[in-house]
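Paired with chain B in one complex and with chain C in the other, chain A is shared by the two complexes that follow.
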Partner chain A sequence: MTAISSKLSTGKNDLSLLFKKLWAPFSLTPMLSWLCGALIAVLLEQTVGLYVAWTLGLPKIPVLFGVLIMLETPILFPSAVLYVLIIYILPVALIAWLTTSLANNLAGRLLDLQSWLAVLVHLALFYAVLHLWAEINDYRVLVVRLTLISIILTLSLNVVNGYMGEFSCSHPGFMALGAYGASVFTLALFTDDRTFGAPLLPAQLGVLMFPLSLIFGGVLAALGALIIAIPSFRTRGDYLAIISLAFMFIVKSLIENLDFVGGPRGLGGQPDWANLPTVFAWTAICIWITNNFVRSTLGKALNAVRDDETAADAMTVNTRQTKMVAFLFAAFWAGVAGGLFAHVLRYVNPGSFGLQKLAEILAMLYFGGLNSVVGSIVGAVSFNLVSEALRPLEIMKWIIIPVIFILVMIFRPTGLIAFTEFNVVNWIRPKNRIAE
Partner chain B sequence: MAFFLQNVVNALQAGSFYALIALGYSMVYGVLLLFNFAHGDIFMVGAYVGFFVTTGALLLVSTLGLVALPGWVVLVLVILVAMLITAFVGVAVERIGYRPLRQAPRASAAITGLMIGIILETGNLALLGATRLSFPELIQTTTYTVGGVTLTNKRIMIVGVALLLMFALHQFVQRTKWGMAMRAMAYDFGVVPLMGVPLNSIAALTFALGSGLAAAAGILFSVAYPVLNPYMGITVGWKAFVAAIIGGRGSILGAALAGFLLGFIEIFVAVIFASTYRDLIAFSIILLILIFRPHGFFGEAHTSRLRL
Partner chain C sequence: MSLLRVEHMTHYFGGLRAVNNYNLTVEPGQIRGLIGPNGAGKSTVFNLITGLYKPTEGRILLDGEDIVGRPPYQIAAMGLGRTFQNLQLWRHMTVLEHIKMARYSKITYGLIGAFFGTAQRQREEADIEAKAYSLLELVGIGYLAEQNVTNLPYGALRRVEMARALATEPKILFLDEPTAGMNPEELGQMMEIIRRVHRELNLAIFLIEHRMKFVMELCDIVQTLVFGEVIAEGTPDIIQNDPQVIEAYLGTEVET
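Moving on to the complex of A and B:
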């Protein structure tokens, strides 16, 4: 903590001083307090949000923290700011400040009891906040689900491009394989579909078997990845970039030519099983597994291969196998993300897994930061939120977003939060204790 | 036989575009070791610049009541002017998107390239709106039939101009001092600047040459397919990128030949199978080529690493 405050005080501008002053009461506030505050805020929005919005002259509850309203009708700018202040910022700050010592106590006890229990409690609380916030309207639910899927995608690409240090362009292809694999699985087995006929198994079973269909999609994507991995890990350099690019085109073109999945028309009618809890659970599992993966011996071997393959080889790392495993791992998760994507939109077509998707995923990854789980999460969330928030600007959105990215790349070439380790316990620890 | 030759002619035309664009990728890769992902959109910019130069020139001629030059002279002038203007665009892209990132990981530079590409596309859409422009017809199409093969003067002109430009580039790179500096830089990026070769000027020159060729490709493309749209560069650009790779990174001859090869593969796949299978089979063949020749046809085994 002292390190951070001294860093802040060396910056002589007023802004950092102001920030420091504002932050001072919260320097000991643990994550638990913030979550409690957020919970109160979303409950407040649910109960009185609409009345507050009407009083302030807003037609309805601002969906994305008032940004959309500010851009659409600038005259309502002060009202939107006031709304955000009344509903979100003030309650969160107040509750967080009030509960600081209590929450520190509670968090410490939880952590002493069982660390996984503490993590689960925080996660449940976070989900509650997210769920209540999203419940206000369908648009929020959709945005949250797509954002969570983006997190899985970005994280899985980070394993290849960040931790392994290669440049892979095939993620839209893996996603397409996963999306179509999972869709065909559910459509053929559990639903009455035009192309696949009557369901083979009862539909009630389908919800329970949904994870299986996602895993099926993921495995299909991993098998596809094998096609790339076998030839491309013989040499180093930019080889993977090209082969994976060719693979992406091949997958897209293959699906366009497969008539039983609808060809270029796409495949629709997937059941609505990818609701918010399901997507959230999969995202949490993906973050957990990926974080453990990159912190394991295998993950460290992966870093060693990236930094110096010859040296890693000399240190008994089986470089080729390490790269293969990591690549298939990444492809699997991209496939799962694709399966979720298909069941969220309930329609897929090959056109959505092209170069634009690739640019999107790469942008999220390099914006957030390489070799960092937190970076991927930050990148995916900020990209999705910014691109939703700037929606009223229509075409100018696609000038502003690239400019932001170029600036980030110029000033932080490896992304916002790069090369950090993600330690959950450190995040949720009571702040009156020293970090591990 | 005539059928075969006819498709060879078609393939030569398609290959000309790919080859001209692939040269830009290949040169930038050879000198700076980075992929210029904005190159496809520079092709698009070139086509639009060509459009405006042409309409401007035609307008000038009609308002001033000058004696109208023959169409092909106008076309040559338009190509030269558009190449010059687009070269400046390319230099600007290098200055904004790549030079600040020269010490950064190359992947970051690839991202700025992608982003500049998006800016060029969207900027075009924002400035000109969604109406599709159509390229004015400068030369009347005349058709010749030689032994059952249909040739048009446009086709001959496209392939001829493309080959001429490639030859000019080859002469430039092999015969001039600047070309020698480029080759030296491609040989060793680290040491050559220490010998007094100006890195920034050479980088700018490389981008200028590549963009000029892309502009020429853009105009030739619009002569063949006169409808312009802001996203016309994406698919062509990425395919040319792949061609640059199978030619061997940094090899000018390789890029040119691979561009024509890609044209041949695409046209013949579309002829033999259905045209919907074009991308599928073309990229499968490319995948196979890369499996057996990882460094392309004329590339040397690069041990370059991503500077992470």
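Moving on to the complex of A and C:
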């Protein structure tokens, strides 16, 4: 028994040693190098990806890093691995290693110039990578957009369930309000459709007004949140969970019974305005604002309310107002996410904003980690990618994903990355400089 | 005008009369003590004045303004800071964040500043941080600023609470058993800190304490509370020799 366990532990040590050895050349590699590497990799995929795939015996470019192909036709497993190695891993590693010192220099200069400029440059580079990667086919574009929307949802729920420590279940409800609000806004004002008739304003104006329609949806969701917030923040406890759950069902059946938005049949024909750059921009703005908020003393008041409300009260924190603001803030972003969601799918029906959606959002949140912006991003991205990658398994997918969650809850009860601060400048700093 | 004036305050928990006809005046710069056996209602008096409970009867005037019925955060912002008997700290926050949080009511950058990180916000946060550091130095734990409170020893946590209460810029500071669970060395340090705070910030202090030595050395006037009623009030010397006080603490001698 001891022999086995010692063998196991040495095996683990060997593995981590191997990782350390592999990582050693990259210990000083800044984010800028990685992004450059990724850019080269996606360019490579655009130009020669298809030929590489054919040479390896793959029918087409693997859409999600070859996972789908591995699961559908296991015989192509080695080819898929080789493809990922040739197209992604080797170029990224090579470029990152080659540009390390140059990129460190450049990143340092950018950061010294203006930190916001450095952030923007990195963001633009990241967007370029994402755009080029997604451009290969429509499926990727769809997955990326839905993933970005999930990030907004998860992050906004994290403000309530993580930072504030309450338990809210009404996010699908807010999302529905936002989705329908924004849809009605664009359909009635800018498009010629059978529900609302001729457009009231010229359609060309619509693209410019799209942010307004999203904000309209968000504000509608925030108004809905006000209905929950007024009674449930008088006291502490499970009230919010119950009232918000009820709210979700009320919104759903309300929409089902509203004929002018199509009732249970749903509402379709939204213009295709929620393209990749738009969704990306909104997600970036959401992350930026939320991160600003939770790192300010006003936002830290949420943590104070969560950890000890009496003490917060005695230290001049207006606890009720703090809770209301956070809840309305979260609802607003859920509404914006709903509006984007409606314009990505170009069809909404009340059925998509039920318990299933709630379970998904909660899963992403708790998987990623409470009280952490990075956690929410990681949770949303990994949940979406895993659930897309396991699609060929059909029904088995819904056994494997919960098992993964149970394992995470056992080994990391607070989620993958919980209770951390997201300092962007630290992420993009040149690695030959010490962290702040 | 007195800084704090409590007149005929009475409070019932259901049918139980926890505090009966309690009166108090605190002058600026005074240190007053409240002693009494366990369950006498000392903490209830604190919670009533700080607004956690609303008294059934009576008036509480802070700087001449009636504060009965106001929420605790307003009372605190008006200049009544407090610490808690069993430490009530925020377990996921660092020491520095604790002190910064207590300046919540002084923040003027608002939600716009919080959301968009305006220049005003950067300025104010830097300002708050500088003030927080100076308070931490005052209570002698500046070197612990970046630590999470769950990693700190007990004595340091008491100081964090003290600094946090001071950060609200109180005119009067309520200390609920500031030395509970401390060893003699920490006790001496705490006494020194209270003296220093009193001297440098010119605060009035109202404290609950069990240790007679502590109360007798620090306080100008001491009240003794038994079963919700003040049975004796006066200078430490008078209180120490008051037969009623001795009886309340030690009981009466049995006639043999």
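Methods note: the second predicted complex is superposed on the first by the 424 of 436 C-alpha atoms of A that agree within 3 Å, B and C clash if a C-alpha of one lies under 4 Å from a C-alpha of the other, contacts with A are read in each partner's own complex, and residues count from 1 in each chain.
The rule is short, and it goes like this: contacts are C-beta pairs under 8 Å (C-beta built on N, C-alpha and C of every residue); 3 or more make two chains touch, one makes a residue touch a chain.
The structure displayed is predicted, hence computed values, not measured ones.
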Query - chain B versus chain C as contact partner of A:Leu254, first or second or both or neither - result: first
**Message:** Just to be sure I read the superposition right, which of the two partners does A:Asn292 touch: chain B = first, chain C = second, or both, or neither?
**Reply:** second
Please work out whether A:Val425 is in contact with chain B alone, chain C alone, both, or neither, and reply first, second, both or neither. neither
Of the two partners chain B and chain C, more of chain A gets touched by chain B
Original post:
Is A:Ala359 contacted by the first partner chain B, the second partner chain C, both or neither?
Top reply: first
| Contacts of A:Val48 with chain B and chain C, given as first, second, both or neither | neither
**Prompt:** So, A:Ile242: does it touch chain B (first), chain C (second), both, or neither?
**Reply:** first
| request: Identify the partner contact of A:Arg234: answer first if only chain B is touched, second if only chain C is, both if each is, neither if none is. | output: first
Once the shared chain is lined up, is A:Leu17 touching chain B (first), chain C (second), both, or neither of them?
neither
Check: chain A residues flagged as touching chain B and also chain C 306-307
Seen from chain A, its contact residues with chain B in the complex are 161, 165-167, 231, 234-239, 241-243, 245-247, 249-250, 252-254, 256-257, 306-307, 355, 359, 362-363, 366, 370, 395-396, 398-399, 401-403, 405-406, 409-410, 413-414
Per the touch rule, the chain B residues reaching chain A in their complex are 35, 96-97, 100-101, 103-105, 107-112, 114-116, 118-119, 121-123, 125-126, 234, 238, 241-242, 245, 249, 276-280, 283-284, 286-287, 290-291, 294, 301-306, 308
Residue set of chain A touching chain C in the complex reads 289, 292-293, 296-301, 303-304, 306-308, 310-319, 325, 371, 419
So, in the complex, the side of chain C touching chain A is made of residues 50, 52, 71-73, 76-77, 81-82, 84, 88-93, 97, 100-107, 109-111, 113-117, 121, 125, 128, 164-165, 167-168
